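Per-chain numbering from 1; labels A, B and C assigned in written order.
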Amino acid sequence: MSDARSDIFARIREALKVKAPKPHLKTDANPGKTSTVAKPWLPDGGETADASLTILAEQLAKLKAVLIRVPDKAAAAKAVAELSAAKNWKKVAFHGHELLRPVAASLPCETWEADASFDKQRLEGCDAGITTCESIVAQLGSILVSSATSGGRALSVLPHVHVVVAEASQVVPDLGEALALAKARHGDQMPSMLSFITGPSRTGDIERILVLGAHGPKELYLVLVG
Amino acid sequence: MRVSLFVPCFVDQLTPKVGLATAKVLKRLGHEVEFRSAQTCCGQPSFNSGQWDVAREAAIRALEVFRGAEVVVGPSGSCVAMMRNFYPELLKGTPHAAEADDLAARTFEFSEFLVKKLGVTDVGAKFAKKVTYHDGCHALRELRLKEEPRQLLRAVKGLELIESEEGETCCGFGGLFSAKFPMISTAMVQVKGGALARTGADFVVSSDPSCLLQIGGWLSREGKPILPLHIAEVLANDA
Amino acid sequence: MSDSKAIFLKDATVNAADGDQRAFIRKALGGYYTNRDLQKARYRDWERARDAASLAKWSAVNDLANVLEKFVANFERNGGVVHWARDAAEARAIILKIAEDAKAKAIVKSKCMTSEEIHLNDALEKAGYGVVESDLGEFIQQLRGEAPYHFVFPCMHVKREAISELFTKHLGTAPTDSPEELTMIARRHLRQLYVDADIGITGANFLVAETGQISITENEGNARLTAALPRIHIALSGIEKVVNNLDDLSVLLPMLATAGAGQPMTCYNTLYSGPRKKGECDGPEEFHIVLLDNARTRLLADPEQRDALHCIRCGACLNVCPIFKNIGGLAYGTTYQGPIGSVITPHLRGLKQWNHLSGASSLCGACTDACPVRIDLHHHLLHNRRNAAKESPTLFDRLFHNGFNFVIKSPWLFATGGRIFRATLPLLQKLPLPYMGAWMKTRDLPKAPSQSFRDQWKKQNV
């Protein structure tokens, strides 16, 4: 509706004829790249890879996400297979990625490459979804998935359990870096969905008491290789 | 120093001992104290009610009253916040703007004056009682005072200082708000007063006599054993 | 007195007297304060982080025309469709048309306060669409037929027993007093609805101009599902939600979570650009955004209070507000409660009818201290009071304040008036006078001294 559009813009331009003073700040925060300026003030994400991994482990533990560190891809497959047996999964969905095919191949239960032939009803019936990820943010314990590289939008949120298989080199210190990395990697062709996952799904809606597994996965596992 | 007392309007009329105690402490510390009797009210009730023209007049009169005073000290975070933070806003763009800034620079709340300006925390006081402290919101958030009154109280001989729950929660006075929205104001003082009473302290002390009016008024009505006392009154007890 | 003020006073009186409910709310918030302080302590300088967040929003809102244009251009480039709505009616009409064109039957929604603002559900239901709120708190409120109590925690005032009864009544489930079981009931009930819905409606926390993405913050995963499974995704957002750069979110997202919920990050923070792309295996075929003005430009035109548009809807100001905690969110009678609601509602809905919310505050300032983007909340309440006094002065106020001013102009009048006041106080206290009567109902006054300070000072210093 071009009428509404031009009306709104006219109102905006009229309104902004009078400048508002810059906010009364305690510091001389000059606009520059926000994450660069703010980095020393935000929570620490680690100055070294080791420091980042330590912080990541702390954050994941607080979030009740389970971190499983493994030395190599074979060990990763073994770890997920053990999980599958222990949890008695019957149907597991994954997406086609070289990190995941060996993992899927080692599972004792029915597995399904969901992105090859997507079916939302079938996905709803799966016990677990296995994906890789774009990056992992130590500062916050967040895992970045995308619709382009992590098997679509629903795979990492619909099944009751989400397992992420990733390489330790994918850990970045903070959110600013994760965002910059996503931009650099995808440029003009951003995936239609990029999602930072920080722990299993949760709600505090009932008496502000924490309950896990509101709508998204109740359990979140990060299998970190290397 | 020659300290010019600012005595809040309701302290003048309802709780004069607060003003007298303030003067006593300052004199004990060797300062000259004056009271310019042309003063009446800082204008905050009108300001808070949105009657800024009326408040502006009160502000201009206050500038006149305190013109030339070396330093102005008031035993009230609320009134001092009015003079320091809001007079400049009220008088911005008027010929009085510069003087408003000037007055703001030489006006202090009482405990702030002792600790930050005079550098004194032990004023030679004795008060062997259990005391809990209430931070008035203006003192806490407009003037950024929190440690100063506590430093003074900790130096008082025999005084035991107990912190309460809901420490930074508003008492619900808010000037005319207490009477315009009495049901909310009462609910707020129930929370605050209840927390203060639960400390088991003998007195609730504050740098804000307006908060003490509200808290004391509720404690009295409810028959609670804890009594309100202004910090100046505590510090005025000679050791 | 405006109707809304009369209703407000009535509701506030009832709720402020409900000691049990107030204690329940305080208990519910206890965990938040602890977690918030723990998270804040992880920031190496929370105050400076607030500066960065404040500046990020300031620079976007004060360049709104350019930033919006850039956002829209990029949003469209990503394959999304942009719609403009000047007011609530236009927004509803746009969404109804999309639903009609899509021959939709079932609609699932994730939390969107803007949709509350425009009363969208009502319109959709009247037009025959099944609409389900998927956020647990909103779902509960929808079943209760009640507006959200708090825009981040919509049913925080409802006890678990009441939720259990609600589910038994509407879903036929067995009673339970376990929050976990109640949550699982809602989870099971809603899962198939996501799969079956034709349209998913979400809000947007941020509109990123640089990339044309929208950012959605949530904990449950219901917004993720709402924007993943249905074939059409409609996002509804106020025009003020813009940020310049993707990078700004590195500060805004963590702070939103910390201030709003005491978390390092909420569970899902998702960026959407366009419908399903070529090569992606799932996702909506269409992605629409409805950009809403609805009097935001009125607030924009007030340079003094323009920063209220920086609000990231974290709810921190509600969580610390003693007014909110004592009267509850529903008493406000507005879409947006708490301090931010009291500040903006007069601009969005009219000063004369809504300025009482700005009066119903002791101006303690806890809200301003809590706001991650440094909105000058409690001072804006003063500004609203000033504007209301100018625009629609009441006779009583004018008499009272001019009278008071007259007395305080003259030290002699003040002293004399004070003397009379003190002498008659014992009588005055018993009369049903304005202000005095209200005070005396629940509080005592000190015994009037026979001599004022100035009397005693004069004597001492003769």
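In the analysis below, contacts are C-beta pairs under 8 Å (C-beta built on N, C-alpha and C of every residue); 3 or more make two chains touch, one makes a residue touch a chain.
On a predicted model such as this, the values are computed, not experimentally measured, just so you know.
*Asks:* Work out which chains are contact partners of both subunit B and subunit C.
*Replies:* none
*Asks:* Of all chains present, which has the mean Cα position farthest from that of subunit B?
*Replies:* A
*Asks:* Please indicate the chain closest to the centre of the assembly, with centres calculated from CA atoms only.
*Replies:* C
*Asks:* Just how far, in Å, is the C-alpha centre of subunit C from the one of subunit B?
*Replies:* Whole-Å distance between the two chain centres: 32.
*Asks:* Report the inter-chain centroid distance for subunit A and subunit B in whole angstrom, where each centroid is the mean of the CA atoms.
*Replies:* Distance between chain centres: 51 Å.
*Asks:* What is the distance, in whole Å, between the centres of subunit A and subunit C, each centre taken as the mean of its C-alpha atoms?
*Replies:* Centres of subunit A and subunit C (C-alpha means) sit 28 Å apart.
*Asks:* Within their complex, state which residues of subunit C touch subunit B.
*Replies:* By the definition above, subunit C touches subunit B via 9, 12-13, 16-17, 19, 22, 26, 322-323, 325-327, 359-366, 368-369, 382, 384-390, 397-398, 401-402, 404-405, 407-411, 414, 418, 421-422, 434-436, 438-439, 441-446, 448-449, 451-458, 461.
*Asks:* Would you mind writing out the residues of subunit B in touch with subunit C in their complex?
*Replies:* Result: residues 7, 9, 11-17, 19-20, 23, 35, 37-41, 43, 45-52, 54, 57-58, 61, 137, 140-142, 168-191, 213-214, 216-218, 220-221 of subunit B touch subunit C.
*Asks:* Residue numbers of subunit A touching subunit C in their complex, please.
*Replies:* Per the touch definition, subunit A meets subunit C at residues 1, 4-5, 7-9, 11-16, 18-27, 29, 31, 33-35, 37-38, 40-44, 59, 62, 95, 114-116, 118, 120-121, 124, 139-142, 147-148, 151-155, 157-158, 174-176, 179-180, 183, 189-209, 211, 213-217.
*Asks:* Using the touch rule from the top, collect the residues of subunit C that touch subunit A in their complex.
*Replies:* Subunit C residues touching subunit A: 24, 28-29, 31-32, 42-52, 54-56, 58-59, 62-65, 68-69, 78, 83-86, 90, 94, 134-137, 140, 153-156, 158-160, 163, 179-180, 182-184, 186-187, 190-192, 194-195, 211, 213, 219-222, 224-225, 227-229, 239, 245-251, 253-254, 261, 263-277, 279-283, 287, 291, 293, 297-298, 300-301, 303-304, 306-307, 374, 376.
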